[in-house]
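Got a structure here, written out as structure tokens. Questions coming.
Chains here go by letter, A, B, C and D, matching the order in which they are written, and residues are numbered from 1 within each.
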């Protein structure tokens, strides 16, 4: 099972903070397509995706054992 | 009468903080020569000279009505 | 790993305490401090009254640690501390406190700016701007 | 003209007070602070235990004023404050406090550095470094 985490505006749009569900192995780019089919409102906002607490390039492969976070623009400080 | 002010290391060397005395009109450069004849130990330290609370170039003319200060290197902060 | 996140605003008493804690380090000659304060911006005529901060803490904490390491590698500093608020911080209150100390002053300005810019760019912190009519928008760093 | 010189060290309580005084200015988003601290340098194996500051105040005060004016002309800041000690400041204590505030952070780092460098360069302040054996030397800015 992958753990999906949603933060800030993304959590508000998705109406959830986390969920656990099985995902197929896929690139971050493909994960975006999958995610926006699942939650179409995300099409209209920008977000980054981290895997196991790290940012990666769009070709990075996500697997079913990862903690995957969907992160809206940072606003620290 | 001119008012002479001495600060920091210069006051220590000259063994005074201020004095009033008549001076002839002369440039700052000439004043240095006059001063170092009066207090020879000043020959060995660096100092700036202000007239009426402002720094000037060496050619600036000092007159008998001025407040002249002999300022060792600044050490603020 | 040093604790960065604090609940609620950063008080001036907390800042004063951190300054006092450095007075026994007599090899230090210069401190620079950055304080981020919540601004009462107008957003479509409505005033921001507070920002509610959340963070992905498990990701943010290692990134704060990496930022610290890189600042120590780049600048000859004695110590540095970062504190960031979580939860509600009202307008006029302080949400970010960066504290850099060094033997000599020259490095503390650049080290401070570098640290603040790195935090703004790299740390997954999110800010909900609460407006005076209780609606909200989402803060983005620029 | 604003008062810059204070007798003795600058306390952390004084600094905290100045921070609090700015929390009602809700157009401010960023503060930068510089604190100069007396360093226990070794001079020919003898430790500096304090610096005794004197100043040509009648000349220094207008120069502080000019520095303020030039910082406001160069940088988009909301306010700035400078405090400098006179008299004895012991090792570990604070002798200079510069406080710059602006709506946005970008300018506060350069404004702070510019102000501190101008003070070090232009203001007639003198420092007698008291050593542990009660001898002394004279501080020079570099």
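Please note the rule applied: a contact is a pair of C-beta atoms (placed from the backbone, for glycine too) under 8 Å apart; a residue touches a chain by one contact, two chains touch by 3 or more.
None of these values were measured; they are calculated from a predicted model.
Hopping across touching chains, the smallest step count from chain B to chain C is 2.
The set of chains touching chain A and also touching chain C is empty. Most remote chain with respect to chain D, judged by CA-atom centres, is A. With centres defined as mean CA coordinates, chain D is found 26 Å away from chain B.
Centroids built from CA atoms put chain B at 72 Å from chain A. Centre to centre, using the average C-alpha position, chain C and chain D are separated by 23 Å. The centroid of the Cα atoms in chain A and the matching centroid in chain D are 48 Å apart. Residue positions of chain D with contacts to 2 or more other chains are 36, 105, 116. Residues of chain A in contact with two or more other chains: 77. Applying the touch definition to every pair of chains gives A-C, B-D, C-D. Of all residues in chain C, those touching chain D in their complex are 12-13, 15-17, 19-20, 22-40, 91-94, 103, 105, 108-110, 112-113, 116. Put simply, chain D touches chain B in their complex at residues 36, 53-56, 58-59, 62, 84, 95-96, 116, 119-128, 138-141.
If you check the complex, the residues on chain A that touch chain C are 5, 7-9, 50, 53-54, 67, 69, 71-77.
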